[in-house]
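All chains are identified by letter, namely A, B, C and D, in their written order; residue positions are counted from 1 within each chain.
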Amino acid sequence: MIQIALFIWLLPLAAFVINIFIGKRLPRKGDWVSIAAIGASLVLSSILLFRVITGYNPDFSLHASLHWINLGGFKLDMGFYIDNLAVIMVTMVSLVSFLIHVYSIGYMDGDPLYNRFYAYLSLFSFSMLGLVLWDNLFGIYMMWELVGICSYLLIGFYFTKDSAANAGKKAFIVNRIGDFGFLIGLLVVFNFLGTFNLIDIQQDIGRGLLSGGWLTAAGILLFAGAVGKSAQFPLHVWLPDAMEGPTPVSALIHAATMVAAGVYLMARLSFMLSFDAMMVVAFIGGFTALFAATIAITQNDIKRVLAYSTISQLGYMIMAMGVGAYTAGFFHLITHAMFKAGLFLGSGSVIHAVSHSMKKIGMEGDPNDIRNMGGFKNKMPITHWTFVIYALAISGIPFFSGFLSKDAILGGTLAFAMSQSNPVYYLLPIFGFVAAIITAFYMFRLIIKTFYGKPQLKKLYEHVHESPLTMTVPMMTLAFLCLYFIYTLPSLGPVGAENGWLMHLIQKPFSAVAVQLGRPVYGITPQAEHFAHVNGLIISIVFALTGIVLAFAFYFWKTINVEKFTEKIKPLYTLSLNKYYFDEIYGATFVKGLLVWNQILAWFDQNVIDGLVNLAGRVMRVFSVFDGLFDQYVVDGLVNAVADITLGFGRGIRKIQTGQIQNYILGALLGMVLIIILTMI
Amino acid sequence: MIQLPSFLIISAIVFTLGIFTILYKKNAVGILMGVELILNSVNLNFIAFAKYVDVGINGQLVAIFIIILAASEAAIALAIILSLYRERATIDVTLVDEMKD
Amino acid sequence: MGLISLTTFFPVLGIVIILFISKKNLLAIKMVSIVFSFVPLVIASYMWLHYKYPMTGIDLESQFQFVEHFAWIPAFHIDYFVGLDGLSFPMFWLTTLLSFISLVASWNISKAQKGYFALFLLLETSMLGVFVSLDFFLFYVFWELMLLPMYFLIGIWGGPRREYAAIKFFLYTLAGSVLMLLVMLALYFNVKDPVTGSHTFNMLHMMHKSNQSAWLTTFDVRLWLYIALFIGFAIKVPIFPFHTWLPDAHVEAPTAVSVILAGILLKMGTYGLLRISYPIFPDIAKYTSYALAIFGVINILYGAFVAMAQKDLKKMVAYSSVSHMGFVLLGMAVFTTAGINGAVFQMFSHGLITAMLFLLVGVIYDRAHHREIAGFGGLGVRMPVYMGIASLAFFAAMGLPGMTGFIAEVMVFIGAFSVYRVLTIIAAFGIVITAAYMLWTMQRVFLGKLNPKYEHITDINGRELFTLIPLGALTIFFGIYPLPVLNMIKVPLNYLITLIH
Amino acid sequence: MSNLNSLQYFIPELFLIVAILVIIVVDLFLKKNKKIVSAYLAALTLVVTIFLAYQQYGYSPALLFKGMIVLDSFAIFFKIITALSTLIVIFISLPSFRTKAEYYVLLLIVTLGMFLMVEVNNLLMIIISMEMVGLISYVLVGFNKHDLKSSEASLKFMLYGATSTAVMAFGFSYIYGISGHLNLDVIQQSLIINQPQALPLFVAFMMVLAGLGYKIAMVPFHFWVPDVYEGAPTPITAFLSVGPKAAGLALLIRFLITLVAHPSAGNAANFIQNVSIHAPLLLAALAVATMTLGNLSALMQKNIKRMLGYSAIAHVGYMLMALVVFNNQGIIAVMFYIVVYLFMNFGAFCVVESLTDKLGSEKISAYTGLGYRAPFTAIAMAIFMFSLTGLPPFAGFIGKLYLFAAVINQSWYILALIGLLNSVISLYYYATVVKVMFLNRQENAPPLRVALYNKLLIGALLIPTLVLGLYWSPVINFTSRSIGFLFGK
């Protein structure tokens, strides 16, 4: 299996190398190379998945590694750690990636940098797969950075657009801030345990080699990486901007896979989160879920709505990891990957159609703006129906995947809150449930505005048409994967996936922290769990439906006048529309501050450091007897500090060479007398 | 009875006079005379020391040699001064300051 | 004649030949110099194949390889003593590589080519000499010899303010090296050759406490000597606040000279510390390590911040060197396996990466005739290949995984964190700043709308690619498979750490 | 040794005297266009003299002429150096002084004077030999009668020199008075035994130092140097910066041995005579003053000869630095430095002499772009400049290395540091010359043809400058053997 995993991992790399160097000269600009590579990876990972499912062993794991760096006192091993989590994740990644590769044939058709696009996609697949497969934090960190670079390259793919270039840069730098925490976390771990290997770390923590405050710190620091990559508050600002990238990229990287890497990392590291760390994770996740959802309501850019939705959903997952609902969080990761990728592909299809139409009618404008759309359902039936399925899934409507996973999360948070004495923990389920209403609301707002109602721009509408098969087939595939039974097999009960293969295979790993403390970190009683599940189920269905109904009330039936309503809550509306001004605040503080600080330092460098002794020279000048001479002093090509003084002295000393022979003799005699006097004293 | 210090004082006075002559005469020949004064003070010293310290003729011999040296020096110096006079029509040393920093 | 001497002095042979070529025969001059710099690369590579990894080097002659040792000036106990160990070999090899590449990159030098190529070869010899010398006197001679060609190369073939930059470089480095001379002589008179009992310039003898005089073992004396030596090396590195010569020198120097300056010369400072200061004064090295770590952190952050404020592309790269050398200092200051190995690996890695960066700046300067970052824009449209390679280099400089810089930096962090936690955290913030200025620069140069001025700019040509691709390939190769270098450096460095502890 | 017996040890000097007379006579019979022959004869004379002097090398130290003259290997070493310097000056002068036989004769007479200077053992002989060198030098400096600068330099030199010598003679008179003797070795013994009063002795010492300091251009007795160097004909400037200076240093060393300490005493001692002056410290201060003042003044010079004049002062400072420690090592270092200095300094002056006519100026700015107009000469000049700075791999570095080694070996670290920093300062003005030649370029300046003869001469001086930088064992062995002092017993 390790060999298979190796192939899964390396095939996209090979495709990348081929495409980046000779892709341009290959037939079809080499897209088939990348597609074939990721297709092969998909097939191979399906084999793995098949084996895992047939094995049906929750504790299955494989580990193989070799020395990468061995310096005696410092070793780094690199290897694969393959367990159910990794296999399912790998399958998901290669599947989504494959679908998006296929989709891009249609979407990116005719782009001048077509081959480069595929090369980047391959590189991304490679890095993402590596991130999933590596057995150690260091390797994960490496791949983490690599996916970041791919993300940078792909966001800035249309690099002639300033906004795209800015977005790419912003994404990378904001991620780097998170990675900074990640790196420090790595250092803490290595400092205490001397290893990066996940298995060793788990054992060592179990033995208590890293505990207390440092353990919490390590957990939070590593989580910082996840905050950056999964766009959690307060580092969420990059993801909406990242929508400047081509839509398939948004679907692959900024919805399904890379942004989920943070969640995956938390899943991988769940064993080392202390209670405090978990609470940080949970509250940041929960807050983000709600916070991002409130922004999504007011956005008019179709992709931005989805971007905030992604942030919100990732918040859910993170929150799940924080409260220990590990399985639920991961489950949501998988289902979310499907429907969110689908949503993006759907939006891509719409944007594709709109922009083509715009081109045809010679209209300038933003193809992403939903205010220009409306009534597309007749023109784009496949897009419309798949989109509705995804929306139902994300809103948490029964019979769709999202319902199962979201419900599991909400149930988990509720159970957690119930099992804690402090009522403040009830905030978490409240975040979740409120976000659920809003989610349903904004999703259907989006659908209604795009596909229903009257076309806003008649002429534009005329030229909209359904996307080609290469695009619709992946969309349909993903829509299919949003159906509930995929995840509940072998059972077919629509209300819960507890008996499904996925939740069976992914069970909470043994928490090293719990072992170390000798007791469970938090005790969720079975009663609480059952109660929470049942109640959570009901509440979430009701809330989801409420959200949908509200959306219809606002935008379809227009029973509530949107304008009037927004007038009423104007301040809130403006806040949400402007994303709570985070970009502006960051821009005014950190970015501006940094630039000003740099200017100060550069000035300092030029004027102070270089001029320090220079300055000393000037001071000397003031005290110098030969003041008059210095006045004409021009730094003759040599601003060099020491020289300033020495040259100054040079000028001064020359004054005694008057040309008068008697002065010379006098000088010599005085010198002699001076020496005699000085030495005799 | 004239003792050694008397000679030394005289010679020191002559030496000082020589130095001041050198420093204050504008005329090159005058400066040369200052040099001669110093050399004479040297001679005085040598002779005095030869009489009072080193009983022999060493000091006297030195004095004779210095007289000869002074003469040859004067000859060369006057030649140089003459040459300068031909070029510049002056032997005022304060005017000879073309070269300086 | 041993392999080391052959490699080191082979370029001198080239100089002799060039002197006999007519100055009109440009092609011959260029070809001769390229060939005579290529042969050392071949020999050095051959030596790498025959390198015996487990030998420790540092302070025992028997542990050095390719040693040549015979008396030069017996009256002053000066030996011609050269040899290589794991510390010097990577730099030795890198020097041959970068010299060759720089000479290829010098193809378009437009005036006084004969002098240029001759001086460049002289520079190569002197640099190689520095890295192979095990006799302090010899080391010093090569160290100083390096200044002369450098002075002329910057001063004659440099940019508009070349005279200023050249003399500044010259004075700065000379001021540093006279201190080294002082220390060298002080050591000479206080170290005895264990065999003959006479004074000696042999570095290895200086490293053994048993050979040192009683005076030399007093703490104050050692401290002062160490500081004097340190300043000499610090100017070369350059360590803040001795760095102000660097931006000027870089901005004015021709491309190939910048490559050498950043790729090799800067490393000599840290190499000197490791080769000479550390083994001779291990106790002081340890005593002052905290200060060195602070210098390292200042270099990292200060260099990065100032780099971000630069408007001149080359100056930006120059300050990035200051920043990157900070990692070397930080890694050296902690005396942990990971730290010191990371530091030396960073020296090697930065040599490759910064060489690429300067070559890239040169490529664009040849076309646009300016380096104002704001004056470019959207070049990626017209120069896709160039942009690709530039991205690679910039990413490498940012410490992207899969390239050498990443391994080096992370090793430094890992090594440093166990000793100075807070400092390391502060230093690690440098990676954010580095990413910021690198990406910002890239954006301003390549991304966005094409500046209409450069509608007809041509993409990188074959010769330029020839200089860049090997470096890029090596950056990636050693980034993925660093063992050839790490295995080489680890033995001596680990031994050095045990000496210090 | 009696006067007659002494003669057999006095052969080089005797030969020189005879040769001088012969050349004067021969010159009378030469036609106007054949006068150059006397120059060749002078050169030949010097070659033979050097050979004869070298023949004396094996002799054990001896006092000649009843102790007036001392013949030891130290003296022989300096005789060879001074004769060599005269020889080189003759070669440098050949192109510009083709018809003046008396010029060469005067040079030979100065050489005789220098010979005496380096081997004197008697106060009177010191005065006589120094006057011999001095008087002839005044004439040589003013040799270009119709050159205003030349005659001005001559006048200043003469007045300054006469005063200095007179003051020195006054100092000698006191020393004679205190010790009652004229011969240096006897004075030394007398001073050790009698323990005279400190103040008069010290005042006398300073007066003598003024005279000697004037000769070697030591601060504060250096004032004449820039003007004279600038005004004198270039070969004479070169000559003054090496020959008489070397002789003066030899004399200074001898005099210091008499009054201060013997090198065999190891570390430099205080005045033997119980004077509470720390003589090494005094010398160190003078050394620092000399080199610093020389270097700083040189920084701003526009005239290359004047700049080299100041540089010569600085070099005296370096050499004095090694005298501070006043042991064998220090004196060897000084002697070695003189050898090195001889080549590089003459080299630099030789370049100046070759170019002055062609460029019509002695201004440094006139050298602009020389690297492209006369590459060989310019490169040679650059090497001489860097060698004077003390950069490896040139001879100047090795010279300085020995000086600093001697100082550091006696733990004069601050002194060494000041010396080293002075080297850095000196780089600036030496590099200015190089900068002007190579970094600045005159557009459309035609190539400058330097005569083959000059090139050969420059090359001949260049070779030792280069070779001694890489392999100097023979020279250092030679100097080490030359440290045999008469007073070594």
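One rule holds for everything that comes next: a contact is a pair of C-beta atoms (placed from the backbone, for glycine too) under 8 Å apart; a residue touches a chain by one contact, two chains touch by 3 or more.
All values reported here derive from a predicted model rather than from experimental measurement.
Any chain bridging subunit C and subunit D, meaning touching each of them, is among A; the list is complete.
Here A-B and A-D are compared, and the pair linked by more C-beta contacts is A-D. In terms of Cα centroid distance from the overall Cα mean, chain C ranks first.
We define each chain's centre as the mean of its Cα atoms; on that basis subunit A and subunit B are separated by 96 Å.
Centroids of subunit B and subunit C (each the mean of its C-alpha atoms) stand 66 Å apart.
A straight line joining the Cα centres of subunit A and subunit D is 78 Å long. If you average the CA atoms of subunit A and of subunit C, the two centres end up 37 Å from each other. Of all residues in subunit B, those that touch two or more other chains are 22, 31, 93, 96, 98-101.
The set of subunit D residues that touch two or more partner chains comprises 155-156, 159, 163, 167, 226-227, 297, 300, 428. Subunit A has residues 638, 643, 654, 657, 659, 661, 665, 669 in contact with two or more other chains.
The touch graph of these protein chains has some other shape, matching none of line, ring, star or complete.
By the contact rule set out at the top, the touching chain pairs are A-B, A-C, A-D, B-D, C-D.
Note for the complex: subunit B touches subunit D at residues 8, 11, 15, 18, 22, 28, 31-32, 34-35, 38-39, 41-42, 45-46, 48-49, 53-54, 58-59, 61-62, 65-66, 69, 72-73, 76-77, 79-81, 83-84, 87-88, 93, 96, 98-101.
Across the interface of their complex, subunit A is touched by residues 19, 22-24, 31, 93-94, 96-101 of subunit B. Only residues 123-124, 127-128, 131, 135, 138-139, 142, 145-146, 148-149, 151-156, 158-159, 162-163, 166-167, 169-170, 172-174, 176-177, 180-182, 226-227, 230-231, 297, 300-301, 306 of subunit D touch subunit B when the two sit together in their complex.
Put simply, subunit D touches subunit C in their complex at residues 372, 386, 391-393, 397, 401, 404-405, 408-409, 413, 416-417, 420-421, 423-424, 427-428, 431, 434-435, 438-440, 471-473, 476-477, 480. Chain contact summary for the complex, subunit A toward subunit D: residues 638, 643, 646-647, 649-651, 653-654, 656-657, 659, 661, 663-665, 667-672, 674-676, 679-680.
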